[in-house]
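The structure is given below, and queries will be raised subsequently.
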Amino acid sequence: MLYREAGQFKTSYAADMAVFPIRQDRIALGVVLAVAYLLVPLLDLLHVWPFGSDYLLRAILVPFLILSLGAIGVNILMGYCGQISLGSGAFMAIGAYSAYKFGTGVHLPLEWLGTAISIPPLPVLPSILLGGLMAAVVGILFGIPSLRIKGLYLAVATLAAQFFFDWVFIRVKWFTNYTPSGSVNAPELKFFGLLVESPIERYLLCLVFVTVFAVIAKNLVRGNLGRQWMAMRDMDIAAELMGIRPLYAKLTAFAVSSFIVGVAGSLWAFVYLGSWEPLAFNIDRSFQLLFMVIIGGLGSILGSFLGAAFILILPILLDQVPHALGVPVSVETVSLSVLIITGALICYLLIVEPLGFARLWSIGKEKLRLWPYPY
Amino acid sequence: MKADVEPRPGAASLKEAGEVLLSVEGVSLSFGGVRALRDVSFDIRKGEIRAIIGPNGAGKTSMLNVINGFYHPQQGVITFKGKRRHDMRPYLAASQGIARTFQNVALFKGMSTLDNIMTGRTLKMRRGILAQAIYWGVSQREEIRHREAVEHIIDFLEIKHIRKTPVGKLPYGLQKRVELGRALATEPDLLLLDEPMAGMNLEEKQDMSRFILTVNDTFSTTIALIEHDMGVVMDLSDRVVVLDYGQKIADGRPDEVQKDQKVIDAYLGIPH
Amino acid sequence: MEVFGQVLEVLIGGLLSGVLYSLVALGFVLIFKASGVFNFAQGAMVLLAGLALVRSLDFLAARGAPVWAAVILGLVFAGVIMAVTAWLVERFVLGPLVNQDGLTLFMSTIGATFVLEGASQMIFGSDVYPLRLFPTDAWFLFESVFPGGILVNKLDVWGGLIAGVLVAGLAIFFQSTKTGRALRAVADDHAAAQSVGIPISWIWFVVWLVAGLVALVAATVWGTKLGVQFSITFLALKALPVLIIGGFTSVPGAIVGGLIVGAGEKLAEVYLGPHMGGGIEYWFAYVLALAVLLVRPQGLFGERLIERI
Amino acid sequence: MDGTSPSRTAPAASSVGVLDTIPKLLLRNAAQYGGRPAMRHKDFGIWQTWTWSRLKDEVRTLAIGLRKLGLERGDKVAIIGDNRPRLYATFTAVQSLGAIPVPVYQDAVADEMAYVLEHAEARLAVVEDQEQVDKVISIADRLPRLARVVYDEERGLADYDHERLHSYVRVLELGREEMRANAGAEGWWLDEIGKGKGADVSVMLYTSGTTGRPKGVMLTYDNIIMSARNANTFDGFGPDDLLLAYLPMAWVGDHIFSYGQAYAGAMCVCCPESPETVVEDRREIGPTYFFAPPRVFENLLTQIMVRMEDAGSLKKRMFHYFLGVARRCGEDILNGKPVSAQDRLLYRLGNLFVYAPLRNRMGFSRTRVAYTAGEAIGPELFQFYRSLGVNLKQLYGQTEASVYITMQPDGEVYPDTVGKPAPDVEIRIADSGEVLFKSPGVFLKYYKNDEATQATKTADGWVHTGDAGFFDQRGHLKIIDRAKDVGRLNNGALFAPKYLENRIKFYPEVREAVAFGQGHDYVTMFINIDLTSVGNWAERNNVSYASYQELAAHPQVYDIVARRVDELNKALSAEPQMAASQIRRFLILHKELDADDGELTRTLKVRRSFIAERYAPLITALYSGSETCHVRTEVTFEDGRKGIAEGDVRIVDMPTYPAQSLEPVREAAE
């Protein structure tokens, strides 16, 4: 209905292969970005509702952005390459703790070599990226089994990662710089000399990260590598007979996915939590990301955002709405009903629309494009 | 457009001259107790269309799987382009120039016709992961270059109208065509076609025959195909090898094979 | 001698607790064998069964019912609950997903897990409820042989016995009952099973019911061990490596796997733990499983599959 | 995407003197609009674009290449294939050498093609692909003059004998080699162009004549360029306009629109990927100028309706509601007539929800002008598109006129006329009622067929269209029938049966009609009611009936039809030429006219003479003044059995109206 595609013809492959080939979509995207980058800060500056308090920024937008980033990472592995992962929490943790170590300075005594690796504290940005890198390395390590084992068996391998690293960060004090409590504090967030403190600054920081990585992810999945991943997902044998190297395809998927998840992890720790314990990245986190991807839509960058939004908003709604209606609901009931609803929704989506919200979205879009025709 | 599937006079004899591209010597393959292939030997010459026929369960598909390294025979030697080939992962076979279509279509269901065929270019794409992450610049140029190549295949196979349709939505005949396109995209020296015309109507078969012949003519691609439709086999192929119960029972020109008593028996299911 | 005794003690303890893992793992195997579904919800089912049992016991006890009656009624009640659950799951989750690929089914059971966890606690409450069906004190064996003897938990022994009975029962059920054989048929190929006229929905119901009952049994033992509480669901996660090692489709595999895991992690905890900051039983089983996978992708007892195209 | 600038100026019409040939126009466009798109072709998935300068280079190289193949001034070159830039370029290349392109219908069977190529004495054939090559080769022995064949699509032609066969690309290479070898080549080419004059023959178009062999219509550059210029100024076409070239290149329409007008106005011509993808491609391009015969618009409409059938009930209701709004005020808004504020608002809404999306789906979002011609287009069909905001207009033309004879100016669009005389066109109505015209577009002559030329073209340059028509008082031409079918009443007034029949058939209640009057004093009519629509009416008004015959004889049905006939008479009385043709008496036939009974042709045209003699008694009754007439006819049923339909048929007298205005028609022509 809103689409006017007549006359939007492509005279070059570049234009034909663009991410948003339709003008109306480009406009929509522009609007979204404008809101995110300009309107939100402006409203916050003016303390206009809903920015009267920084609740919206602190408790919703920032975690939303970071988890969306995480979901994008998981989606690359699960949605595009078809390798199930139940250990994403661990990879967030790896990102977080590596970033923490790099941020606070690494000192690794190697007595038996009579030497020691020690790196001075790095600035935040490199630490975060290095955090991602470490996650990527470990990701590749735990991806290796995927060359021999498939499906459920692989899921178990990723679980192994989850439990192993839960344990590592609890028990290996070196990672927490031997803090007695085991909880650690993020270094102060300095980027190129300017300090990121207030919620809005944190929000913008996350926004930048998410934008950059979303673009990178999109570029990868629409290119040669993305096609290799999807080929492995859809028909791995045929893919290999086309000359796609499973080793390369799968491990790159693990690496990229873990990298993004790792960065998300370090953001979660540094920007959202500020100070945290290993519990912040336990298996529940893994499932949270998993659900975001399933509900949002396997194999869709957009879906990652939708899923993150849903999983994040649901409990808040279940908590707020009854209050608004004057029906007092215990915290426990809320958390339990969240469990039930998410679980039920998963089953429902798997049955009626395995590709989640993203698919529903694109169906709606198709309808608008075909309007007034039904098909 | 009418498909010309008349056997081209002299073409076959002319190809006898072509040197051996791939030879299979004494190949035996078995799964647990089941013996899929027993001591099979034959060769495929450059530029010819070689048909592999035989009753169901004769081991035809297993033979193709052996040729492109998906199965590893317990005994036997495979020589490709004059080099003796050791057991290898299938993707290596592909990188050496062996492409393949499948008995029951094995397309990437989640992707469009265009993307499916683009995957065939993987081996030819060099850009590293970083370049691809940035996309604009070298990577985009590479994508465009290969898109052009693929568009020529799409044009050749007359599937312009379904360029951007998800292959899952396509009718069977078109899926087969897309699969052929995907194989062609790898610019193979040896093209293995596993029942390229199974389940097609007459018109589709004629089109497919036309494509196969044109591929063979214009790109002088060597083709080995499994096919049940005898008419098609006789029209298309220069030489035919016949398998039965995993054994080679005949090998030669279509007309010769057609007369061979063993072959007739095999097809009539006469025990031996 | 001293050391040997210690080892023996640890080993026995490990093996017995391993049996308890097997109890949970059995539920997985049953459902996987019969429906090709990897039932992540098994742990949640143990929780549900446990809660149903313990709450009804408390209820009846409060009404001054005699213990034996309370126990029987409680078990019956819990059994009914499991039956209802089985029906619901089949009707609303698996039924519509028949013939889907394993991963989808797996994820659907994850969904089911959350629903069950939420619902069960919402209905029966979410505290820790102690359960006292079996003695929890310990024997000291071979005190003559080893100084201090070898400590063996009676509960673990009970668990072992029950597990034994259960396995025997299941073996009979699978081999020599019509439904049992039908179950195996379904596992091989849904479509085929349907075509030969086996009512798949019924089969699945039965399987989930059986698995539910197994869960109930497991709940009685584990409930006594830990008290019935949410954390019991993590048993599911404990059972995973057991399955990997034993293979998804083999009942004996589940037992053996359980033993290996149980013994392995106890030994590791006792003899490696101290050097590694302890608590390694938390992940040991998994790493063990992973190691097994790398050697035998189909697990120790799983059948090898030939890929075709 | 397409580098258009806001400027919308047709190239100055003053330079006719110098720009008197197409090749010269090409040079002008290359110089003036060099960077702008001249042609687009959906090929390999994207719209490959040729700028004017690119096109010029192509044409030059090709021309020089063709010269190397021995193409001489005055030679005829057959061009066969679907619309594609390379073939259009061939036209210009050929013309630049002073040779004459002869486009041939690509779907013509070998035999027809043989006739044309033989008659035109083509020395060279430039064809699209293997299919056409095969055709030409199959008839080669009948074409001694045909020296060489050039093909565009190489596929499948690899192992053909290339002695007299050349690929288009090869010809280009020849051209390039020559230009490398000989620096003067380009200059020579420009000189060749310089030699061309407006009076030269630019193209020969073979009219697929309904009777007899096709005739080769020779059009000069002046013919084409002047008609094109006039048409462009008439609708203000210029360099910013796009049009989709999808109709046969051998058809004069395409030659004028996609070639003449495109060159004259430096418009961009877009060629579809393949005949199957025209609709899709049209949507992508969104042409600003679109031509199609009525049936295309009819199919489009049916498609829309069929698709909307499957829409949800709510959407359907909205859709039909807004179509209603459009029917009420759409056209007035398009014609800039005053419309109530409320309707304007509703139309805005409708535009948002229905019209604009529909235009978008059909690819008309950017269409400023759409033309239809060829046959009469139903008024409701015509008005449907106009009410949606598509500026659909009618024109009346012929190959012999370089298309344009009459056109509908914006704001003066009436479904029942074909418009006013096109710029510089004079029209005369012969006493016979035949339409004659005189214009700069008038063809030179038929190739090698002087007698036909004389028959069609008078010494003083008037051309017989073969159509009968007249001007209504708005000065708009109405085409009523083929001239040969038009007769006279005894009082000498014009009698055009088909015109009357078509008019009455526009009413849904009337299925078929046969008008009589030739050699009588007044006009009478047989009428077949439309069983479905009248049947619906009967159900709504619970009128019970057992058979067509019974329903047809029903007095209320007679009343309805009488009312329609009366409306028609009123309308006719307003048309000076037709006032005399008001229907004095009519009857409703007791049976449906049926092809099985030989009353209709298989293409469902009425077989007048056959009916006249079969129902002679009825006709006598119509002119005898009797009130009823008994009739008995043999009928053939579906299953082939024969039966008898018998009954009394009532005859109704109709009042007629005095002709309203009688100003002489001639003036309207000026």
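By written order: A, B, C and D. Residues from 1 in each chain.
Assume a residue touches a chain if its C-beta (ideal position, glycine included) is under 8 Å from a C-beta of that chain, and two chains touch if they have at least 3 such contacts.
All values derive from a computational prediction rather than experimental measurement.
Think of each touching pair as a link: the shortest run of links from subunit A to subunit D has 1 of them. A count of contacting C-beta pairs for B-D and for A-C identifies A-C as the more extensively joined pair.
Averaged Cα coordinates give subunit B a centre that lies 50 Å from the centre of subunit D.
With centres defined as mean CA coordinates, subunit C is found 49 Å away from subunit B. Computed centre separation for the pair subunit A/subunit C is 33 angstrom, with centres defined by C-alpha atoms.
In whole angstrom, the spacing between the mean C-alpha positions of subunit C and subunit D is 80. Looking at subunit C, residues 309 sit in touch with two or more other chains.
Chain contacts: subunit B has residues 70, 102, 106, 147-148 touching two or more partner chains.
Shown for subunit A are the residues in touch with two or more other chains, namely 13, 237-238, 241. Here subunit B touches subunit A in the complex through residues 68, 70, 89-91, 93-95, 99-100, 102, 106-111, 115, 118-123, 125, 127, 129, 132-135, 139-140, 142-144, 147-148, 182-183, 186, going by the rule given at the top. Subunit D contributes residues 43-45, 130-131, 155-156, 158-159, 273-274, 276-277, 280 to its touches with subunit B in the complex.
Within the complex formed with subunit A, the residues of subunit C that make contact are 38, 92-93, 96-97, 100, 102-104, 106-108, 110-119, 121-122, 126, 237, 240-241, 244, 248, 276-280, 282-283, 286-287, 289-290, 293-294, 297, 299, 307, 309.
Listed in rising order, the residues of subunit A touching subunit B in the complex are 13-14, 17, 216, 219-220, 222-225, 227-228, 230-231, 233-235, 237-246, 252, 256, 299. The touching residues of subunit A, when paired with subunit D in their complex, are 1, 3-13, 15-16, 370-375.
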